[in-house]
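Quick one: the structure is below, questions incoming.
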Amino acid sequence: MSIHEECGVFGIFGTHKDDMAGLCYYGLFSLQHRGQEACGMVVNDDGVFTVHKDLGLVGEVFSDDVLAGLPQGNAAIAHVRYGTTGSNCKENAQPMTVNHLNGRLAVAHNGNLTNTLSLRKNLEQDGAIFHTTSDTEVICTCITRQRLKCSSIEEAVSRACASLEGAYSLVIMTSTKMIAVRDPLGLRPLVFGVREDGSYVAASETCALEAVHAKGIRDVGPGEMIVFSVNESGKAIYESKKIICEKQPQRTCVFEYIYFSRPDSVIDGVSVHQSRITAGEILAQTYPADADIVIGVPDSGLDAAIGYAKRSHIPYETGLIKNKYTGRSFIAPNQQLRSDTVRLKLSPIKSVVSGQRIVLIDDSIVRGTTSRRIVELLREAGAKEIHVRISSPPFRHPCFYGVDIDSEEYLIATHHSIEEIAKMIGADSLAFLPLHALEKMTCGRGYCCACFDGDYPVPIPKDMRKDRFEGNIQEGV
Amino acid sequence: MSIHEECGVFGIFGTHKDDMAGLCYYGLFSLQHRGQEACGMVVNDDGVFTVHKDLGLVGEVFSDDVLAGLPQGNAAIAHVRYGTTGSNCKENAQPMTVNHLNGRLAVAHNGNLTNTLSLRKNLEQDGAIFHTTSDTEVICTCITRQRLKCSSIEEAVSRACASLEGAYSLVIMTSTKMIAVRDPLGLRPLVFGVREDGSYVAASETCALEAVHAKGIRDVGPGEMIVFSVNESGKAIYESKKIICEKQPQRTCVFEYIYFSRPDSVIDGVSVHQSRITAGEILAQTYPADADIVIGVPDSGLDAAIGYAKRSHIPYETGLIKNKYTGRSFIAPNQQLRSDTVRLKLSPIKSVVSGQRIVLIDDSIVRGTTSRRIVELLREAGAKEIHVRISSPPFRHPCFYGVDIDSEEYLIATHHSIEEIAKMIGADSLAFLPLHALEKMTCGRGYCCACFDGDYPVPIPKDMRKDRFEGNIQEGV
Amino acid sequence: MSIHEECGVFGIFGTHKDDMAGLCYYGLFSLQHRGQEACGMVVNDDGVFTVHKDLGLVGEVFSDDVLAGLPQGNAAIAHVRYGTTGSNCKENAQPMTVNHLNGRLAVAHNGNLTNTLSLRKNLEQDGAIFHTTSDTEVICTCITRQRLKCSSIEEAVSRACASLEGAYSLVIMTSTKMIAVRDPLGLRPLVFGVREDGSYVAASETCALEAVHAKGIRDVGPGEMIVFSVNESGKAIYESKKIICEKQPQRTCVFEYIYFSRPDSVIDGVSVHQSRITAGEILAQTYPADADIVIGVPDSGLDAAIGYAKRSHIPYETGLIKNKYTGRSFIAPNQQLRSDTVRLKLSPIKSVVSGQRIVLIDDSIVRGTTSRRIVELLREAGAKEIHVRISSPPFRHPCFYGVDIDSEEYLIATHHSIEEIAKMIGADSLAFLPLHALEKMTCGRGYCCACFDGDYPVPIPKDMRKDRFEGNIQEGV
Amino acid sequence: MSIHEECGVFGIFGTHKDDMAGLCYYGLFSLQHRGQEACGMVVNDDGVFTVHKDLGLVGEVFSDDVLAGLPQGNAAIAHVRYGTTGSNCKENAQPMTVNHLNGRLAVAHNGNLTNTLSLRKNLEQDGAIFHTTSDTEVICTCITRQRLKCSSIEEAVSRACASLEGAYSLVIMTSTKMIAVRDPLGLRPLVFGVREDGSYVAASETCALEAVHAKGIRDVGPGEMIVFSVNESGKAIYESKKIICEKQPQRTCVFEYIYFSRPDSVIDGVSVHQSRITAGEILAQTYPADADIVIGVPDSGLDAAIGYAKRSHIPYETGLIKNKYTGRSFIAPNQQLRSDTVRLKLSPIKSVVSGQRIVLIDDSIVRGTTSRRIVELLREAGAKEIHVRISSPPFRHPCFYGVDIDSEEYLIATHHSIEEIAKMIGADSLAFLPLHALEKMTCGRGYCCACFDGDYPVPIPKDMRKDRFEGNIQEGV
C-alpha cells in the first residue's frame, strides 16, 4: 500500500506531577499506525520543557533508558510522523519547540496547509527565518507573531488559524495551557477526553484515549479550539472557543475510515470498524458474485470481507496469511526476487482456496501491481475464480490535505477503465465501492473524498506542488 | 503467551552458483515465527563456508549490506532461534560450523535432546572440549567422532543419531552434501521439496518451501535421513536412508498444530489452518454456548473461532484488534502501567462487543493472567456474557523436546479445576478442547501431547533439569 | 585539564565543482583539538545546500558512507564544537543553516557574545522565535533582519556585527559568496589562504590551511570582513571590508598560544610552538632550579620544557608517557580507582626519574588535583626533588569570550598563595610565568589575558551568567 | 607503520572477592598499544566464569554498563588482540573459554605457534573439532587432552607445552588456579607481580602491573611456569615450575624494545625507554651527521632522537607534530587525497625546521612510502638537509613468532641497497642501526632478531604459510 497518513498527535494536561512521558508513550504507541518514521514528545514540568524526538518507531526512540531519563511533569504533547526518508527529516520531527518573547511553545501538527508558500513569504518579508521545511514551523511563527499583538495565547492561536488554509489538527502546549484545535472543515480527526484523576487528553483517535484510560468527551469540532487550563481552585478545566472563521460543513477525510484509522477508533461519532463492515455489505449488495468463499487481504481488507460475507451469505474464510515480521526492517534482497515481496508478506492457505470460487476484498487499488500479484498467488494455490471487490472508489486525484497518495501518473484508475484493470490484475470480475456509498459508510456526516471525485473543499493554489519544500534543496540569491 | 518454539531450520542444495544467501533469507523470513532471538546462515561455495549469524530478527541480522557481502554458493543452511536472553547466547547462535579431520561441517538443529548430559560426559572423558552449552555442539562432536571411524558422512550421521535421544530435526551440510534427518519419533517437523532448477530444499515447515518457490516432495519420515548429493552426471539427487533404530510410531508435537506452525503450512500431511478450524468445530460441538457472536484472540485464536462460528452458526466477528507494532522493542514503561501490556496489545471494538453475549476463543491458557485481562477488557467495552473456549487441552506438564513451557508451578491448570479457572479469569463459562479431539485435529496421525497428558514417548532422565546447561555458569575442579 | 575552547571554523570557496566535503573533512580533522563534541559541514552546490552534522569526532560523524553521500560543490563551510553534554546539544551543532526571504544562509561561529540576552530580547519583541539556545542563532537572526533592509549580504553582515558584542570569528556562506569576519578586538583567531586551483580557504588556524594545501595569505584583522566571491571573468576573488566600528587594538586570546592552538599553527603572525618555547625560556630565566633533568607534562607542556632545558642547560628528558588511547571512550570504572585516572593517562619512566632532581613543566594549574597526582606519581617512581614550573600565570578569573574555564570557586589560585599551592601539590618549589612575560610570548602583539588579570577588554553585563541559556530549561508565561 | 604485535595478556589472582573486571580494565587499557582490534576478559567468581569479549578498543568494549554488569570475582584473565579484519575474527577474540571433563578453562595467549598445522591434524585424527582458526584453540585442546591423562592442571599444561613449538606467553585460569607460562626461548614478554592485598598479577608488560598498583616480582623465565593458587591457610601463593624442555638461551623479541612495548615498561630487566635512548646514542656515534637539529618521528622515534641529540650535542627539537585524533576512525576520504594520510597525521613546525639541516630519527622503514612522505613534508616546510637515521636494522625477513610484518616482497630493504633507499625516500643521507648494536640495546640479554638477520631460533616448517588458517575458508571432503 503506497498511501500514507502523515501524522498522529497526542496531548495530556493535568494539575499534578505524573509520569507524563509514560502516558505519552502509551498514547503514541496506539497511534503508531499513523506514522512510523519519527516520533517525539515534550514534557512540561511547571514551565520547564524537556524534549526527546528522533527517527524510528515509538519503541525504538523511547527505550527504557530514555523514558527513565525524562522528568515527571504536569502536561506533555507528543507526535508520530510519517515522512519521506532523507538526511533532513530528523529536523522535521515533531513536536516543534520554540522560544519567543512571552515564553515557550510546543506544537504537534497533523495535516497539510495549502498556503504554506505565501504564508512563508510574508513572514520572511517581515524578517522571519526558517530552519526546517515543515508547515509546523510556519504555524509556530504565525502564532508567536500574533502573540506579540494580543494578550493571550488562545487569541494568538485563533488569529493565526484565521490565516491558515488547508488541513490541520493541532495540539499546542505553553507553560500553563494546552490547546487542541481543528481546521474549519475538520479534515483530520481530533478528539478529547478526561482521565479519572481529572487530567485531560487530546488525540488523533479514540484508541489513544483508551490507551491511557481516558473517557472520551467528544470530537473537537470543525473550526473549534479547546483550551485546557487550571482554574482558580487548581482544577484542570477546558473551554471551547471558535477560531475566527465562518461556520462550514464538516468534511472529515473519508480515507480515515477506509484505511488510516484503527478499527477500534470512533471518528466523529462513527465506528471505523463498523464503517468498513458497511462498505463490505454495500459491495455485496451492489456487486454480488457467485462464489464459494469470501476472503480479505490482511489487515485492512478483513472487516469489509466480513461485511460482504454477512450480507451475501457466502462463508467468510481466512485465505491469506500475513507475515507479521514485515516491518521496516524487511527488504527484498535482490532484483530477481524483488517481485516476490508480496509473496513474502502474504501467503495463501492452499487448503482453503484450492478449487474455490473466491470473492477477494481489498481496501484500495493504487498502481495495481500488488493486486495482480495477490491474484496470481491465489491462482497458483488453486483458486478457480477470483472476484475482486474494493471497499473504496477508484483513486483518481492527489490529496493536498496530508495524505501521501502516489502521483496521478501511476494511479491505475486514472488511465484505465474498470474492465481494463480487471484484466490487468487477472481478476474474473472487479468492482469498486460506489461513490454514493461513502455517505452510508460515514453515517451521513460530511466527508472529503477529493481523491476519488476531485472536489476539493479548500482551493489548491496553482503554485502548490507537493515536493516544493521537501528535501534539502533550496535555492538562494 | 509464554510458550516458545525453540528453532526453525532451512537448507538448500544445488549444483550451480546461485544467490543462496538471498534464498536462505526468504526461507528464514518465512520461519521467523519459530524463533526471534537469533538467526544465521552458512553459504557453501564449493567447499568454502561463509558464516553470518547474530542476535536479532532476520531483517536486522541480514541487512542489505550483509547479504551483498555474502558470496554466491551452491548450497547453504540456515537457522532461526528462540532462546533466553543473556550475554552468552550469541555463541549459541546457529548454524554451528566446525572443522574436523575430514573437512568442515555445518549443523542446524531444531529440538532438544534428553541425553545431552550423559553424551557430553562421555565425550569429555574421551578428550572433547565444549565452547558452548548447546545440544548442537554435542551433536557435532558425536558426528565428527563417528566420521573418524566410518567411511562416509551419512554413515557417521546415522551412527551418531543412534546415540541421540529426544527430539531433533537436523539439516547438516558438508562441502559436497546436505543431509536432513529427523528423530525416530518425528517429534519436530521437517519437510523437503525441489525447485524448478533442480535444487533441493529442506525446511521446518512447508511455508519456507513456498517462500523459495520449491514444490513440496514430502515430510522427512520419523527416523529417516535424506541425503542430498550430486550424481555423476552433475545433477542434484536425493536418497532416503534409515538412521539406525527400530521402526516407531510417529509422534509429531501436537503443539505445532495448535500454536507454533504457520497456518498456511502443512505438517505431516495435515493443514495447520484446517486442524485449528477442526478444533474450533469440535469445541462448538462439545461445549456449545448460548451467545450472539464468536470472536477470536488474534492471531492464533482466529482460525478456531471461525471453526466454532461455522459449526455453531453463531456469527463470527472481529472483536479484538491487535496492535501490530508490539514487536520486541515494545516495553511497558513503568510498574503502575505494566499490567496494561495486554490492553496495549489488544483493543476491543466497542461497537462489536457492547451488549453482546460472546464466545471468546483462545489457543491456550498458561498462567491465566492474560486471559483474565482480556475478559476484563471485553467487560469494560460492554460485553454482557463471555464464554471462553480454549482450542487445546489444559497444560499440565513440562516439555523436554524443545518447547519452552512455563514451569509447572505457574501453570494454572496444574493447581486449579476448570471451574476455579473460570472464576479466576472472570469468564461466565470455560471449556478446553478434550484430549481425544487431538486425534481428529491431526487426522489420525500419531502425535505427542505429553504437555497435556504427561505421557512422554522418550523417557526423561532423572537428572535432566531444563536449566542444567543454560547461562554462563559452570563449576570446575 | 578542565579548560576548553569552544569551536573551530573552516570554509572553502571556489569556482568549480570539487570534493568540498573531502576538503572540509581534512580541515575539520586538523582542527579537532578545538572541539570534540560535535561537528558538521554544509556543502554548497550552486545554491543547493546539503548539511550533515552530528555529535561525535570528525572521523565518527563523517564516515566513508556519509562523505560519499555528500555532493560535490563549489563552496562549503564546516565547524567543530566543544560543548557540555546533554540531550539538547545536537540541535546546537553547527554550521547553522537558515532560510530567509532572500535565500539561504549558513553560519559557523567561534567565540562567545556578551550581549546575547539583550539582542535576543529585542529580536523577540520584533517577532523572532528561537529554536536553540546558541549565540549562532542570534547572529543568524541579526544578519537576516539586516538583510531585509539593505542591498547586499556583506552590508547586512557588517550592520549585524555592529550590534554584536564579545568574541566572534565567523565563516558565513550564501549561495554565491563566503564571508569571514572577526570581532573588533580579534579575540578568537581567523586566518585565510589560497589553494593552487584559486579557491580560497578560511580557518581558525593555519594548520587547517596546510591540511588542504592552501598557502596562507594572512590573518583576518580585528574588525575586518573578507568577502569571497566570483568576479565577472569567473575567478574567485576576495575583498577586505571594515565592519562598522572604530579602530581598536588587537586583543588575541593569549590562551590560544598557551594551550588551545596546535603548536604548528601561526596565530596573528606568531608561531604557537615558538611562543611556548619562549615561555619555557622565560621561566628558566626567572625561576631557575637546581635540578638534574627537565621534563614536560605531555602534550602541551613539552614545548615549554624544551625551552626551559635549552635556557637552563639542564638536560631535557622524557619522564612521563601519555597513554594515547585515553579518548572520549575512556572511563574510570569505579570510585575507588577513579583517583587513578591520572595514573592511567600518565606513566612515569622510572629509569629516567628515579633518584633525580626534576624540573616539571606544565601549561597551567586549574584545581591543582592533577598536578598533585603527577607529583605523587613521580615521587613513587623515585624522584628526589620536584620543581614545578607553569608556563602560564595563575588562573584567577572567568572568561566570557568563548573559553570554558572552571568556576572561580574551584580555581586554586583564587584562594591560595603560590606557597600554599606548592605545598598542596607536594612540589619542592613552584613558579608561574610572570604576567609581563606574555608580551614576549606574543611578540608584542596585543592580547587578552583577562583570565589572569581580570582586565576585560569588552565589558561584561551584570546579567550575563554563563549558564543562562544552557540546557533544556526555559520558563514561559 | 605496518608492523603489528598480535596480543597482550593480563591476569589477576586473589583470595577474596574484588572488582576484578575493573582491575582487568585498567590492565588492558595500559596494554592497549599491543592490540586494538578486539579485547575480552573472563571473571572467575569461585568457579563461575563470566566472559565478555568483542571487537573494539578497551574503552568501547568495556563501557560503564558492561563493567557494572560483570560480577565481582577472586580471579580474572584478560586479553587485547590485534588481528586482520574480517567477519570471522569476533570468534577469534580471547580469552578462550572451554568446558571439559574436569571443569572449565580460560586461556589468553600472546605469540604464534610454528607447529599449529601438525598439532591440529593430530588432534583431529583423535576426534577433535575446531570452531575457530586460532592457535589458542589448539593450545586449549592440547591442555584438556593432557588433563585427562594426568592428575593436575599444571602437569597437563606442562605436558601440553612440551608439544608446542614457537612463541607463546600464556595466562591460564581454572576455577581454582592461575598459570602463567612462557615458551622455552621467552620470545614474547611475560612478567608478574603482587599487589598490597596479596593478589598476584601477570601481564605482558610491567606497565600493566603499575596500572593496578602491583609491585613487579620478576619476568617469567624462558620455559618457566608460574602456578598461582591458594594455600591451606587461605593465602595466595605462587610456585615456579619448569615446563618439560631443556634449558635454552633467552631469545626475547628485539622488536619489543624497538617498537612494541611501552617506553615505561621494563622487559626482561631492560628499560624499553633506555634501550631506545641507547639506540639513538649508538646511531649518533656510528653515523654522525653535520646538522643543526635532531628531530624524531612521533611517537616511537622520539626517544632515539633524544639519545642521538645527547650523544651528538646537536640540539633536540620538536619538528613534527602528531595529530592525536588519528585513531581507528580516521579515514582518508578519497583517492586523490589519500596520499595525504601522512600529512594529516604528521605536521612539520615550519618555524623549527625552516632553513635547518636536520637529523630525522624514525624507528624503522618498511615500504619506504611513509618515510618519503615525511621527508617531502619537511622539505616543503623549508628543511635544507635531511639526514635520516633509523633506530633498527633493515627489515629483511618475515616473522613467524607473532609479529605481523609486511610480506617480503614489499620490504624495501630486501630489494634495495641503503643508497638506493636514501634516494627513494629523498634523504640526503640514510643509516640504519648496525645489527651488533642490538646487543647493547638489550644489555647483553639474549634476543631474537630473525626479522633482521634471518636466523630463526625455532625452525619454520615448510608448510607454514602465514595465511594458512586465516579467514573463513576451509576445504572439506
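Here the chain labels run A, B, C and D in written order, and each chain numbers its own residues starting at 1.
Rule of thumb we're sticking to: contacts are C-beta pairs under 8 Å (C-beta built on N, C-alpha and C of every residue); 3 or more make two chains touch, one makes a residue touch a chain.
Since the structure is predicted, the reported quantities are computational estimates derived from the model, not experimental observations.
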Reference chain B; chain at largest CA-centroid distance
C
Since chain A and chain B are copies that touch, is their contact same (over half of the numbers shared) or different (under half)?
same
Whole-Å gap between the CA centroids of chain B and chain D:
48
Measure off the straight-line distance from the CA centroid of chain A to the CA centroid of chain D, and report it in whole Å.
60
Per the C-alpha means, the centres of chain A and chain B lie apart by a whole-Å value of 37
Those chain pairs meeting the touch criterion are A-B, A-C, B-D, C-D
Contacts from chain D onto chain B in the complex sit at residues 47-52, 69, 87-88, 96-105, 121, 124-131, 133, 140-141, 144-145, 148, 174-176, 472-477
Residues on chain C engaged by chain D in the complex (per definition of touch)
19, 21-22, 25-26, 29-30, 32-33, 36, 57-60, 62-64, 67, 207, 210-211, 262-264, 266, 271, 273-274, 299, 302-303, 306, 310, 315-318, 321, 323-325, 327, 329-331, 333-334, 336-337, 340, 343-344, 347-352
